[in-house]
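Presented sequentially are two complexes of chain A, the first with chain B as partner and the second with chain C.
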Partner chain A sequence: MKNTKSSGSVLSKIFSLRNIAVTFLVVYFAVFLAYPIFKAFAGSLHDWNPLVGTYEWVGLANFAQILTDKLFWTSMLNTAIFAGVSTFFRIVLGLALALLLSSKIVKCKDSLRGLFYMPTITPLVAVSFVWMWMFDPQFGMIDRVTGLNINWLHDTKWAMPAIIIMTIWKDFGYATVLYLAGIMNLPRDVYEAASIDGANGVQTFFKITLPLLKSSTLFIVITSLISYLQAYVQFLVMTEGGPGTSTYTISYLIFDQAFQKYNFGVASAQAVVLFLFTGVLTLIMFKVSGDTDLS
Partner chain B sequence: MNTKRNIAGWILTALLFVIAFITIVPFIWMLISSFAPNSEIVKVTGGLFPTPSTIENYVNIQEKFNFMRLFANSLFVAALKTIIAIYTSAVLGFVFSKMHFRGRDLLFGVVMSTMMIPWAVTIIPQYEMFTNWGLQDTYTSLVVPGLISAFGIFLFRQSIGGISDELIEAAKLDGASDTRIFHSIILPMSHNTIAALAIFTFLWNWEDYLWPFLMITDENKQLLAVGLKAFNGQYGTDYGGLFAATSLAIIPVIVVYMIFQKQFIAGIATGSGK
Partner chain C sequence: MNIKKAFAAAIATVSIFSLAACGGSNTATGTTDTKADKGLDVMGQTIKYDPNHLVNDGKPINLEYWSWGSKGSDPVYDMIDAYQKIYPNVKIKTVNVSWDDYWTKLPLALKGKNGPAIFNIHNSYDALIRPYAADYDIDKADLEADYTTASVHEDENGKVKYIDSVINTGNIYYNKKLWAEAGLTDADIPTTWDEFIKVAQKLTKTDGGKMTQAGFNFNGDAYSAIYQGLNYQKGELLFSEDGTKANYDNDVTAENMQFLKDLYDKYKVGSNDFGNDYTQSFGNGQSAMIYAWGHMEGTLKEKYPDIEYGIFATPTFTKDTPFAYDRYNGESTPGVNGNQTKEQQAVAQDFIKFILANDDYIRDAVKYLNSFPAKSSLQEDKDILAQPVMAAIQPRVDRLIWPGPAPATVETSGKTAFENVFQNGMSIAEALKTAQNQMDTDMKSSNFKSMESKYAYYDEHK
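The block that comes next holds the complex of A and B.
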């Protein structure tokens, strides 16, 4: 790094903006990320319960316990369904809306964007309550409008679909914004060339727009999957994993084990599995797409 | 041709407004219900929306729990954490995009990979750490875990990378220090990214549930998201009160969005820039 004129003295060289910032970052990561991660791995090998005060080495016993636990696998399956379906619809709805909103002939774009973005910018705890009431079989709006007679959140078949519907409604705006940003960056001339060559709308979409938005799509898919693997608020508020175990997800299970049962050891083992799973999934996503220009 | 396009545009716009309206029906329903007495809300017959006739739900909001206090607490913590995260992200974004040092790209790779660490991995050890340090029931425990934002560093690195090197070199020739360059050139030029990050960070902190739930046990220091859940559990049948409290709880994030929305999309666009 070249020295600047004003920072001639040794002291100001040592305490430069760069050195302070980088040192702070490294120390911060060491204390609040590296150590906790190490501690979580170590804790997963111990019988660890802060209420009783135990911290005893048990080897892989916690892993043996969770991998043979039916609830763990139910939670994994529920999480996969929740994350997969939510991500898919988030992308489809988000892209469709972004394309409509970026159309030149549409008016009042700012107001429209604001309205569509409202679910996304409202806190999840609050909207979870709103949707609990929406799904209420007596006075809720969903059953009244559709004429269905489903006790959504208290029916093992319908509780997960209900939460997925709420989550898609809450989150599609995020994809819309990212796609709108991506569309803003699309090169004009390619489209002019395509229209001169007589390409129709559908061809242009599949041959040009979609491939050019690949990195936006990849970014949304990865961040969506990672955040849905970690989702717990809507489950905590709306169903607490029930009815039965129909809405237990991996992150809700960990919350339950850690902070309701205080089985820190078992919860750490589950967290380690989730961590490895997330890491592998992310690697696969990058490999499959062969696209590393995100960072 | 032009008038034809115009008519098509208005039809499409009208259609989009209808869909937008359907999208926000839950909010409209919540808002109308918050002005209705309980008997009206749970009524099975009648129209889709209850008839609003009272402001009692809002008047009585303080009775059931200390709503105003929790609201103010959340506002303070979320605003403080947002300002800090924006500042540290901007500094580090500047360092990572415009300065050279050994291990820079490796360190940035580490920053990026922290985004995929699930909260479930770090939260138990962090809970233990902060409890051992005696930081329960202090806002230090809430602020410290948010000092660094990987997402923020990523956004700022992208946008500051777009600022020309000549500008920075010229300022250096004039004798400006890095700190000076950061505050008088980089920060003002990053207003779009600041706007985008302000919206996201404020929302994330406003809706954060688990960490304040674990760290704060004192009712008067609690944050709104946690208080709202407790309120709903305890007074699950006072729907009017719940609707009113929830309606008020979403106002600050909407205000923050309205302040920053103009630069918002542009901020994301430079952030995800290609």
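The block that comes next holds the complex of A and C.
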């Protein structure tokens, strides 16, 4: 009787809600995160097509192929331009609007905050299609309203700027909301002291507001860069990397290699390079800012 | 505490049941068929199908058919209904998978033991399904006798994994209203590209220097198909003599790229900036002529039903018979899963014989896919030839060439070259060289071998 009781309590300990929940989480991360990452690293060293079962060791041949491929470097450059410009304007626009919304001159703050955040929560595919139509030279709204005659998505000079414009429009709301939260938590006494010392608006902004928002800025920069370095949906929908290869980004190239050409080995090697690039960039950001505390 | 325990137990139970459900089951329940004599006629010309027999010994059996199409677009669906009516013990479940997912989900499913017994095939994905598809259990001589393009699908052992039900190629679609407005009649239908240019110029309209109506529009993804046809017209193969490398960077491709560029820049019959999609532009009545394959009829019917259009054969460079008028491609018959059980494969093979012997399958394919029958007995059929696109294809059908299930890079890199020349200002020589390099890189690990050498007039190539 005693034995039955003790074995029952051991079982109930093993199958406790906490253990089951933790097990589910561990299994989830192992299957959907750790394993795919490990598989991508291993796959980058193989001629790999899981759809037909090809998996042959090729060593560093995939890396040699991509590092000598002109399109890979074009894609890296395009990615850097896209990520850099989009992040910069996301921050500038986001911060400007956050300052505006936190000032006393703007009414209906909650409605405006919701309005600005709406594009962020709208699916990117849908937004890309709408903007593709807006950019159309024959019936698109942009050329009609501005009186311009630009074939936005089919002109190599304008295709990337067009996608960047769309991306900034979609994403600035995210920065606005985060900056607003940051601004609301800024200590009032510092501003009062600055006011007593006779600091003007510009001085207050550059000497107080911006430095105090460093953590928010760093967080937005890093999350933006990581997400923009992986961007491919808008490129897939709006230009398919064209005209020619002028809007190929590294993530679009990975998608193209994996799901159009079924070279999963080459795609994995590209993903590994992107992973390392993103990691190094993030470390540099932390070092440059001299602040690793995002809280 | 009790609630916690009950909740934990519920989660564990659900998990166990969920995992168990993943295993699936092949046990079939349903009607047993005992009547071998169905009282039906034997069907077919050379491939004969006698329906008066029991399938799977009359025992119930469940199969799956996977397709990106649906009833009304994939002719196999109607055949499944007809087959199940004859054999009540057979249940074929149709599974629709979107095109984008199909080519990753299908090979992975076929790799396992529970993949569909029968599946739709597009020959451009041949390399992905070939390892898993079973050979057809039909004599090759019978296939060749009934289907004119069957021989190109035979492997070195004379076996096929699929053949063409119908085939298609490019034609010129013209807007009848704009044609009449320009004072053109049926007598003006061009047969050479020189004649075509003159007609296209008449169909082009400008207002204050800005184009308002294009005589001919190939903006978008039309180039890949056009260049292949133009190269064949001049006797240039798409692949090297040994069939393993792309033959893109050559004088003929350069000449044809220049010819297309001249249409816009010199003859001013269209413009790079006049819409980004030739289909949409034609559908909106803004472009008078486009080059398109048979699918265009379906697109026009579905999206632009008000456009009154005609179809004529793609012009050639001279009045002489060319090496080939154009490339063709086939809509494939279904594949049989070689990893399925013997029972399922036997039923699938029986189903394949049933559809290949059955003219209704081909008639449905002609109707749904706007394509020309590959079955020789239907190539002179009056009802089929009443469709304009069939009438345009029929006189050229012997002089159409199939390069084989070409890797995607042949089209995508060709498209990139086109965009580089037309939109990025790159020189033709540089664009062709870049595209050739890309094709070479992409095809390096491919097992592709061109079927051009199987073309009846292969010896006439350059």
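The rule is short, and it goes like this: the second predicted complex is superposed on the first by the 263 of 295 C-alpha atoms of A that agree within 3 Å, B and C clash if a C-alpha of one lies under 4 Å from a C-alpha of the other, contacts with A are read in each partner's own complex, and residues count from 1 in each chain.
The rule is short, and it goes like this: a residue touches a chain if its C-beta (ideal position, glycine included) is under 8 Å from a C-beta of that chain, and two chains touch if they have at least 3 such contacts.
Here the structure is a predicted model, which means the values were calculated and not measured.
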Touched partner set for A:P137, first chain B, second chain C, both or neither: second
Contacts of A:F259 with chain B and chain C, given as first, second, both or neither: both
Touching partner for A:T245 - first (chain B), second (chain C), both, neither: second
First (chain B), second (chain C), both or neither touched by A:Y28: first
Which superposed partner A:Y191 touches (first chain B, second chain C, both, neither): neither
Touched partner set for A:D69, first chain B, second chain C, both or neither: second
Dominant toucher of chain A (residue count), chain B or chain C: B
First, second, both or neither for A:Y55, with chain B first and chain C second: neither
Chain B versus chain C as contact partner of A:F205, first or second or both or neither: neither
Partner chain in contact with A:D47 - chain B first, chain C second, else both or neither: second
Chain B and chain C footprints on chain A, overlapping residues: 12, 16-17, 50, 138, 259
Interface residues, chain C side, partner chain A - complex: 4-5, 7-9, 11-12, 103-104, 107-108, 111, 127-128, 131, 219, 272-276, 281, 286, 407-409, 412, 415-417, 419-420, 422-426, 431, 438, 441-442, 445
Chain B-touching residues of chain A, taken from the complex the two chains share: 1-2, 4-7, 12, 16-18, 21-22, 24-26, 28-29, 32-33, 35-37, 39-40, 43, 50, 100-101, 103, 105-108, 110, 112-119, 121-127, 129-131, 133-134, 138-139, 141, 144-145, 169, 177-178, 180-182, 184-185, 215-216, 219, 223, 226, 229-230, 232-233, 236-237, 250-251, 254-255, 258-259, 264, 267-268, 270-272, 274-275, 278-279, 282, 293, 295
Chain C partner contacts - residues on chain A that touch it in the complex: 12, 15-17, 20, 47, 50-53, 65, 69, 71, 136-138, 149, 151, 153-156, 242-246, 259-263
Residues on chain B engaged by chain A in the complex (per definition of touch): 5-6, 8-10, 12-13, 16-17, 20-21, 23-27, 29-30, 33, 41-44, 48, 88, 91-92, 94-95, 99-101, 107-112, 114-126, 128-129, 144-145, 147-148, 154, 172-173, 175-179, 182, 199, 203, 206-207, 209-210, 214, 225, 228-229, 232, 239, 242-243, 246, 249-250, 253-254, 256-258, 261, 264-266, 268-269, 271-274
